[in-house]
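The structures come next, written out as structure tokens.
Common to both upcoming complexes is chain A, partnered first by chain B, then by chain C.
What follows is the complex of A and B.
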């Protein structure tokens, strides 16, 4: 039964059809699937499937990434209310777009994906000053600072990730947080992330979600 | 031959001494004139002076009438532009804050009478008088399917497009199409002869093939129907679009394509060249260098990439060398190396 549900859910997500995706979820619950099963056996595998599709399917596209993340986040949010026990979250991320940048599509895709992957997300919004990324990461006890930038000067300039790294260094916080970046400029130069002092980047929002989850798990292993 | 004649020769496949060499230095104009961006862009005379001075000094073929991409939002009431000294000005506040704002969004009756056009008109008058007879004058015009991203933000537009009410989406698109038609007519009347049609949603990378056909194509047809495709350059905002080139040529009759640096240039050239006989021998592949990499490349690396692109594009002609976003952080030595190499490797012996 579960394979049939996963297939139907994946097809709805692939067609960016939110209503159909929710219909699959509610039908599955009516057939006895628990909220936990929906999240861990349907939603998360669907995200992983979409990540695989990005490299496999030439027609995988931005609209699908966006809808996959949005649908997954909404389904997860609704399912979490129905969990028998409060779920253990993997970790926490503060995320925003760099100062001077109002492009928020990539950030939303990453956020949706992270929520579905059971990561706490603190959305700082757009046009975020570098100091605020660090202050909020400290205050919210996050593991990851994620800076999104769609324009070259906001990705590489003095008020973006580069300055966040500098503040972390100045305040002796480099061991405490990982800094990740995303956005179009990094796609055009895959080494650019290193030049701004980031620890990681991903080519798309869905892959970014997985990269962040892996990074948090790595940090937790190191701390043990 | 003048640069304008070289461009026409490349499109028509007739003899020319070299390929056309385009460069889009926009924000660098303020630096060229020693001005702050806000002051530079406040006066169309500055933009024209910056364009003419940079072109004369560096020797590439074209000039731009574009101030910054967000300027189109000013026609709809946007008054908040974020300036930066190290990059492009950006829309600072979206005019559509909620779906309710769509109903009241107004397209100016006569965009050439709108204050947002005044400085562009001033710039165009100077460019036309100075180089209009000899050099391509480029204008940048956003497609109806992509303009909403400037008016409400890309994520909100994507949300409306994919999950919102179809009648509201179509109302917004109809307004954007009306604006496009007026804007392209205004630029043509002012003397622009290279009309860069910015249509990211015209790439399957954005919306997939199915939605490209059911959504993007019909709206592009509507944009272009009244004025035709003369001078139109298909550009998907640096997104790859090789897989739809043939369809765009067949269904929209646009034969000049500005290829993403992320796409396979050789493949794009093959697709376009294969359709030239059906297009009366007219068509152009614009090879675009990955100029974000130029920030960190050496001059030698830059030259090598230009050489590679020219060797790929030059056989059979119908090829132009161009740039993408040309960030201000690119060292001038790399810009000079790029242009030197383009003239050297773009020459027909």
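What follows is the complex of A and C.
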């Protein structure tokens, strides 16, 4: 039965058909599948499949990324409400766009993916001052600070990721948090993330989800 | 190949190519050619006084020689079919040869059907009776030259904004101006030179006198988006790039009259730049509102000016709610493999031919000036996506049913410039979702839904060409009665002309600004969600 559901769900996601994806999920629950099984056996493998596809097909359609990430996030959110026990989250990320940058949509894809991968996401919104990234990461006990910047001057400027790194250093917090960045300027120059002091970056929103999850897992291993 | 509704066709042979143009009864051949890249030489306003606009008639139904032609053309030339283009009028299809075209120019006349009727006259004026209205767009500059006393439009021009050498979009130009002072002055100089070039082109070709006439110009009114105004005036650009100011008024400053007078050779011109509303809402939107009389009817009147920076206004009966949205450039061809602005050779309409038995699906195009298709303008792209969707070649997700490969799906297998690629579809989806979500969010914030829209005025990139049903089918325009959707070409210029000709209308700009309230979509609740929900290629949901 589960194979049939996975196939139908993947088809709906491939067609970016949210209504169809929910129909598959609700039909599966009616047949007795648990919300936990739907998330772990259907939704998450589908995202992982999608991420793998992106590396094979880098020109994949951005509109489709938005829609698939949204479907994954919405289905997961609905399923989490139905979990028997509060789910164990992988970790927590504070995310926002750099000061001076109002482009909110890039981080939407990342957030959608992270939520579907059972990562807790704190959205700080757009035009976020560097101090606030650090303050919120501390207050919310996050592992990752994610700064999105879509323009060269916000990606490389003094009030973006660069300043977040500086504050982490000044306050002696560099061991506690990893800093990741994303956005168009980092795609043009694949080494730019290092020069602004970030620990990681990804070329697209879906891959960013995977990079962040891997990074959190790495941090947890180091801590053990 | 089908074209517009007119039935008279003028075939023009020039050195490099031949084009076919649709002509309206009564229009002179010169007026027809002035709106194309094939201009005749000219040094008067089309009165037959200069005798420069010679063409050779090869055949067809035309008016007899006029007195002006008898006086300007020697008998042997008349016998050889030589005519003056300004005197030549078609009575049926005709064919001409352009032996001595004017040197190439980037300035063309705006087609008569895109212009608004003359709004007013100022018979009381005694001196400096001429005036210039300028719509300073990011991509195009539009200029109209007026006899204000008689309320008569003498000529218009449309040409590219030469600042494009610093970047197609507003932010790159602002960035350049902020980084280096000499870039700032170069950007300002480029725009100012372009405006005066357009005016000089009009004076040379449509009036016949340049410098003395420049001194007779009494007023120049310039509208544009805030960034263009700031770059023109070299003032306010630094405030613009800071998002904190996107919703607040930006002082683009009164022009430096002395410097501009000297540069323009217009010593008597009062230069007027109505103030923009906010960092991301320019005076061009105010001009649109004035031109469409948006606030003069019932509430629920919306206006969207699709351009490089798309601006939207909603009249709720008491206030003007204004915003701007990204997403316009795709409709001007930016980011579309074979995208282009609405110029000669642009596909502006696409339809599928009825499927004959056993025949493959084929498509029909209309191109501007009926030339071989060079690419798609905004309306052609919208049609193409709608037609491919209806034929099942495209799916609602934006994927092709059968992947067409990197070269894309060719609507005309013989012409690679009719191809639509996967990434074109993607760019189109994001553009239309952005604009639809912006309209919906503005409406929602005013407590209305699509059903409350009494008017939807579409201005900007599409001109008169957008197929409304197709735009609704792909989820760009909302699902309302198409009779409520109105298409306007060059509305900003029309509003600017009103300000030039009527001092009360000029005061209207201030009144509209005072009535307005701005919304920054990046901070608006619900915009992102709607954007994602509207990405699919299907009609927009009726509920917001």
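The rule is short, and it goes like this: the second predicted complex is superposed on the first by the 221 of 224 C-alpha atoms of A that agree within 3 Å, B and C clash if a C-alpha of one lies under 4 Å from a C-alpha of the other, contacts with A are read in each partner's own complex, and residues count from 1 in each chain.
As a convention for this text, a contact is a pair of C-beta atoms (placed from the backbone, for glycine too) under 8 Å apart; a residue touches a chain by one contact, two chains touch by 3 or more.
All figures in this text were calculated on a predicted structure; none of them were measured in a lab.
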| item | value |
| --- | --- |
| Three-chain arrangement built on chain A, chain B and chain C clash or fit | clash |
| First (chain B), second (chain C), both or neither touched by A:128 | neither |
| Comparison of chain B and chain C by chain A residues contacted | B |
| Touching partner for A:208 - first (chain B), second (chain C), both, neither | neither |
| Contacts of A:188 with chain B and chain C, given as first, second, both or neither | first |
| Touched partner set for A:100, first chain B, second chain C, both or neither | both |
| Which of chain B and chain C A:113 touches, first, second, both or neither | neither |
| First, second, both or neither for A:157, with chain B first and chain C second | first |
| Contact residues common to both interfaces of chain A (with chain B and with chain C) | 16, 59, 61-64, 66-67, 70, 100-105, 108, 127, 151-153 |
| Residues of chain B defined as touching chain A within the complex | 82, 84, 86-88, 90-92, 94, 153-155, 158-159, 161-163, 204-211, 238, 243, 261-262, 290, 292-293, 295-296, 324-325, 327-329 |
| Footprint of chain C on chain A - complex, ascending | 14-17, 59, 61-64, 66-67, 70, 100-105, 108, 125-127, 151-153 |
| Chain A contact footprint on chain C (complex, rising order) | 171, 175, 241-244, 246, 395-399, 422-423, 425-426, 429-430, 433, 520, 522-523, 528, 531-533, 535-536 |
| Contacting residues of chain A [partner chain B, same complex] | 16, 18, 58-64, 66-67, 70, 100-105, 107-108, 127, 151-154, 156-158, 184-185, 187-189, 191-192, 195 |
